[in-house]
Every structure is written in structure tokens, then in C-alpha cells.
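You will see two complexes here that share chain A, one where it goes with chain B and one where it goes with chain C.
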Partner chain A sequence: MTIVNDIRQVLKDHARLSADTTTLAEDADLYQAGLTSHSSVNVMLALEGKFDVEFPDRMLKRGVFGSIASIRDAITELTAA
Partner chain B sequence: MQYDNKSLYDGLVASGLIIPTGEPGVFGRNAVFEDVLERFNGLVTQLAQADGAEKFTFPPTLAREVFEKSGFMKSFPQLAMGVVSFCGCGKDHAELVSRIADGKSYDDLMTRTGVVLIPAACYPIYPSFTGTLPEGGRLVDMTHWVFRHEPSEEPTRMQSFRVREFVRVGSPEAVIEWRNMWLQRGLTLLQSLGLPAQEEVASDPFFGRVGKMLANNQREQKLKFEVVVPVISEENPTAVCSFNYHQDYFSKTFEIMQANGELAQTACLGFGLERVCMALFKHHGFDPKQWPAAVRSKLWP
Partner chain C sequence: MKNDTRIKIAQRIGSDIAAKHALDVDKNSRFPTEAIAALKQEKLLSALVPVELGGMGMEMTELTALCTALGQHCAATAMVFAMHHIQVACIVRHGLGSPFFRSYCQELVEKQMLIGSVTSEVGVGGDTRSSICAVEVAGDRFTLNKDATTISYGAHSDDLLITCRRDASAARSDQVMVLVRKGQFTLEQTSQWDTLGMRGTCSPGFKLTSSGSSEQIVPGAYADSSSQTMVPYSHILWAGLWLGIASDAVARAATFVRAEARRNPGVTPPTALRLAEVTNTLQLMRSNVQAVSQECEELQKSAEGNESLLTIGFALKMNNLKISTSTLMVQVVHQSLLICGIMGYKNDSKFSLGRHLRDSHSAQLMVGNDRIYAKSASMLLVYKDE
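After this line comes the complex of A and B, so read on.
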């Protein structure tokens, strides 16, 4: 699925995880994998660039960037609108 | 009780407690104000007496290298206050003097120095923790002038003020336990002075849209608490004491390890000393001689 692959690429470039983002489970906890508050912000900005979306304030939360699956759900919602 | 900016500011000025300088958020304090501040700080010292903190004092200038490494600009660029100086030649000097005489900008003739004004009371100490901590970690006690670029008409929002700060560095368990102990101590101390103090989950004033996310994260994880007292507003009470749990942010940045070889964690707490004084003046009046006996006997035993 291409959205997920793009998310994995963004994580690889910006999340500074200790885990391999290409094989990380979609529901794996990114914070457990080493995502920090500041790097989650870089991920958020990179996702906005990649998918040409803007996260509304209600989505600027820890949970939204907590796993590949939760990011995919947010992107899907924003690109469908 | 009525709360507003203006009546508190005007009252503080009229009673001579603060002396305006023409710049918002920058004022002098008279001997009565300073006495209250020092007495309150003394009560904090008493509370902390048995804790065995190491006491340090750093100047109001922070090495720019430390400031940059700390990541302050990622989070609060709007609050930073740098220090510039004139490093030009004789010709530049003539130009500088003439521009000042004409009321023109001379920013381009000034050069940044090796220091910035310290933005938070705990910042100077972290680089000194680099390396391996002793068993049980460390506890540090400092009172510093800090600087925030937020000129405001609110008397409680100052460009420069004093913070009584403690920093704990050690294992996550030790740091959290210490933070929780002080949260209770802070509340009890302020309530014992007749102030309607309450604790709140809080967030720092992170900059911009990115900051919104950082603030949400901080709140969700309950990394910051404040003890608040209504001073200029009932709906938005003023933080008089603030507790920040940094997890491993500073330990990663400054490579601070526990004795067992694991990464350490840090937390700090600070009493905003001027704000505590203003809360006391607001709630008990501008003349400390008229304050309730119970409050007076604590501050002037």
C-alpha cells in the first residue's frame, strides 16, 4: 500500500528511530521505538509536505503520530476530504 | 476579590513597591518588596534544608554554545534574548554615534557576542553534569535572574525576574518521586501563606504551530505541572511555581549517565519569586505590616 510506504520513508528520513522503519509493524508504538517529541514534529512537517495536507489542530497530538497505522488513518482522512 | 492587570500594577507603583523604567516588564523593586521576596526564599530554604542540595550561582549570561546545544531555539525562539556588542573600527563608531543621535537603527553595526541572557534558571547547570553521576544522582539549588522577551503590561509578566530553582538528576524513579514531593511542598507552603494555590497540568509556551503539537504532547504526558494563584485573573490564574520533567532530553543532549551506566533523567522546579510577592500583595494588601498575623508570623518569625 503506497500511503504506508510513503509514511515509512518519512519515518526513515525524519523519525530517528532505532528500529528499521521498512519492517516495523504498522501498529508498533513509535515512541517505544525511539520517537521523541521534537522528532515527531519533524515527522509531522515532512508528512504535510509529502502528502500536501495540513494537519488541523485537533490532530496535532501524540496519539496521531504514535504508529504507522494511526498516521495512515489521519492521512487517509485528510486526503479524502 | 476583583482581578485585573491595571489595578495591581497601579497599586504596586503607588505604594512604591515597584519603580517603572519606561520599558514594559522591566521595573525596580523597593526594600519592602525585596524583604518579602527574601523572606519567602528563606522559607523555601527551610523546606529544602534536609535534602542536601548543592548550592550554585551562575551569572545572568549563558555561553551561547550551551544555549544553542540546549535546543532552546527549537522551542521558544520568541522568548530568547541575545547579547550584542560593538566590534567595529573607528569609522564604524562615528557612524554608530551619528545613527543613535538621529534615532536610526544601528543593528547592522552590532555583532553577536559569546553569550545570551539565561532564559531559564536551570540551563547553566546541565553541562556540568556531563559524564557519570554519583550513586543516587545529584540535587542542585540555585537562585537566578532569568530573561524572557515578552514585554507586557501585565505586572506578573516580566522581561527579567528571579527564580528559586532546584534541579534533580538521577534515575527516573528518583526524579519523579522528588518532583511529586516538591509539588506537595509547594502547594502547602503557598497555602500556608493564605494564598488560594492549586496545582494544574500545564504546558510551556512553545512557538508556532509546531509548538502547539509540542505543548499537546507535554500536556498529554503530564510533563509539566504548575502551582497557580489568581493574581490578575480568576479564570487564568498565575503560575507561581513550575515543575518540569524533561525525561532524558537534557541527559541525551549533555550525555549524563547514572552510576549504573544507564542514561539519567532530569527534572527541575522553580518558584517565580516576584510572582509569589505579587500574589501576596494582591491577596493581603500592599502594606505587609497589615497582613494577617498568621502570614506575618511565617515570614517574619
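After this line comes the complex of A and C, so read on.
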């Protein structure tokens, strides 16, 4: 699935995780993998750029960026509109 | 007990007890024993414990008002009171799914234990969202050691709430909180607390060693309890007591101006203009504290509201409250000092504002404002304020 691959690429470039983002499980907890509030902002920015979307404020919370799956759900919701 | 009664009790403890010892507490950098004992006597250390567990189930705005009432008389007493309640809030809002923490709360009602806060650590400074130390669990026991830069009333705390990494392999920001009980920890003091202000909080550095039962680890991730509880309670209760310091400074200036006016009725003293100016700033501060406190109280009442405490929008609001009140307080106290003139500058005058000024300077470095600004700056890159 290409959305997921693009998310993995963004995480690789911006999340500064200790884990390998290409093999990370889709439901793995990104915060436990080392995502911080600072690096999560960079991830949000990069995702907005990559998918040409804007996360509405209601989506700007930890849970939404907590795993590859939850990021995918958010992007899918925004691009479906 | 009705709410206005509880405020009156806090005001009485402030004016009759805390105020009486405030000079000595400040001068000798000693713990405000008398005022804290009086608060315990009134069972106010368990104010946040839900009614069904024997507490008062006090809400945010009332607790904020109590901090203001105490802050008007002794900033150190108010800060100890506020810091304790920040810890209780974390337990009450995140721990009550666990039998251990439920019975701890009942014990708190009965015995009024004072809980200290151990967030800052050598190597991470004031960044509460990262830890170097880690809790190590083996079987049903844990050990936890921390080199803490600052523990307010550490030597006077019964129990301590400590932030640390979830385990030895966890990332710095993957934290949990652990409650350690009296008898389970030792503190080796590593520095002194001879400071400009907030002297009575008695907050030197300590090397902490502790062990206990693994049920003492607060359930859930600190990342969530930090956003939903630790940060809002810290910033709102601190702002509440800072408002107390600022309003007492203005009260002194106002008394000074009225006395001047009485000496020459019919002529408005020139200082009255400056008083008008400073009350303007004080009102700004008060409105901010009350509005944010009220909003936070409302949000806590629903699941949806509690969820919104996790958003960037709410975090920005908390940051703004902290930065603005900690800055305005110094301005208000300084302006009040100028009004009182030499009578405010003298330490032995009833208009003395030296202690207020020294205490107020702690606010901007109690989690450095630039550190907070940096976080806000980063969040504003994605926040849209829709």
C-alpha cells in the first residue's frame, strides 16, 4: 500500500526513531520507538507536504501520530474528502 | 462543606498563620511548617480526592482560588500546596483504575501525607518530558534511582512522585510515573537551597534511591498524564498563586496611595495614576487565570473534553498562560514597588515588596520560559487555530 510506504519514508527522514521504519509493524507505538513531541511536529509537517493535506487542529494530538496505522487512517480520511 | 467555607478556611490559614511566619520562612529558608500543618488539619491535602474515597472532590477553579488565597500571604506555602496537589491530581486522574492507588487516596484523606515532585534530573534540566533514569522491574518489585536537580520540600515530603523511563531500554521520552512511599526511599542532598526567592520551598538537589512494589507505578503513559494533568495543573495552580503574590503587591500599593490621599483630601496623589495602571495589568492576569482554569475544569467533565486536553491547541493555551502570568507578575510587583517608593524598598516596612519581587522572579525559570516558547514555536508550525 503506497500510503503506508510514503508514511514509512517520512518517518525514516524525520522521526529519528531507534527502530527500522521499513519493517516497523503498522500498529507499533511510535512514541515507544522514540518519537518525541518535537520530532512529531516535523513528521506532521512532512506528511502535510507529501500528501498535500492540512491536519485540522482536532487531529493534532499524540494518538493520531502514535502508529503508522493511525497516521494512515488520518491521511485516508483527509484525502477522501 | 460548602465551597465558600473552604475558601474562607484557606484565607484564614493564609492571614492568621502563613502571613505570621512568612518573614521567618523567607529569611531562614525554612519550611513553612505551621501553615502546612494547618492545611493538613483541615484535610486540605486530600482536597482533590473524590468524595466516594473520602475526599472533597474539589475542582480546578476552587483549588486555583485556594492557591491564590495562600499566595497572598506566603508564596512558599502556596507553592508547596500547589506542588503537592499537582502530584495528587496525577494520581486521582490516572491511578484510580488500580486498587493500590484507590487505597492510597483513602490513606491520604486519613493521614494527609505530603507528596513531593521529582521531575527534573541532572542531564535533562527542566525538560519534564524526558528522563535518563529508568524504573527497573523484577518480578513484582522495582528499583528506581534518580539524580534530581531540585526537589521542593524533599526533606519534608512523606512520599514522592517520580518521572522516569518505562524500562532500561525505553526511549528518553517514553516515561512513567512512580509513587514511592516513606521508608522506601533515601535522599542524599547534593546541593544547597540558598536562593533569591521561594526560599521556604526548600528545594535543593538530591540523589534518590528507592525500591517498592510494581503496583506503585502509575498506570498508563506519562506522555498522556503530562498533557492531561501534570502540565495543566502545574501551569494553572502556579498561575493561581502567582496571582496571589501580584494581588498582595497591588494591595500594598493601594494602601499606600490611599494613605497619601487621606493626608490631603481633594488632591489626587500622583501615584494614583500608576495604581490605575497596575490594576489594569493585574486584571489582565486575573482574567487569564480564571478563564483558563474554568475552561480546564469544564473540559475535564466529559470524555471528549479530556481527549481535547491532548491537542496542540490546548497545550499552546497552557504555555501561553504560564509565560504570560510569570512575566506579568514581575511587572505588577515592580510597578507596585515604584508606587510605594522607598517604603516598598525597605525590608522593615509594612509596604515592603522585596520578598514579593524575589519570589516572583522564580516563575520565569521554573521551567524556563524560553524552553516553553521553543515548544510553542514548534507546535505553531502545524497549528491552524481554526
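Note that the second predicted complex is superposed on the first by the 81 of 81 C-alpha atoms of A that agree within 3 Å, B and C clash if a C-alpha of one lies under 4 Å from a C-alpha of the other, contacts with A are read in each partner's own complex, and residues count from 1 in each chain.
The criterion applied here is as follows: a contact is a pair of C-beta atoms (placed from the backbone, for glycine too) under 8 Å apart; a residue touches a chain by one contact, two chains touch by 3 or more.
What you see is a predicted model, and the numbers here were worked out from it, not measured in a lab.
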{"item": "Which superposed partner A:Val41 touches (first chain B, second chain C, both, neither)", "value": "both"}
{"item": "Per-residue contact with chain A, leading partner among chain C and chain B", "value": "C"}
{"item": "Partner chain in contact with A:Ala25 - chain B first, chain C second, else both or neither", "value": "neither"}
{"item": "Touching partner for A:Pro56 - first (chain B), second (chain C), both, neither", "value": "second"}
{"item": "Shared chain A surface residues [contacts with chain B and with chain C]", "value": "36-38, 41, 44-45, 57, 60-63"}
{"item": "Chain A-touching residues of chain B, taken from the complex the two chains share", "value": "71, 74, 209-210, 212-214, 216-218, 220-221, 249"}
{"item": "Sites on chain A touched by chain B in the complex", "value": "36-38, 40-41, 44-45, 57, 60-63"}
{"item": "Residues of chain A that touch chain C when the two form their complex", "value": "18, 31-38, 41, 44-45, 48, 54-58, 60-63"}
{"item": "Touching residues on chain C, where the partner in the complex is chain A", "value": "129-130, 166, 170-174, 221, 223-224, 227, 307-308, 310-313, 375, 378-379, 381-386"}
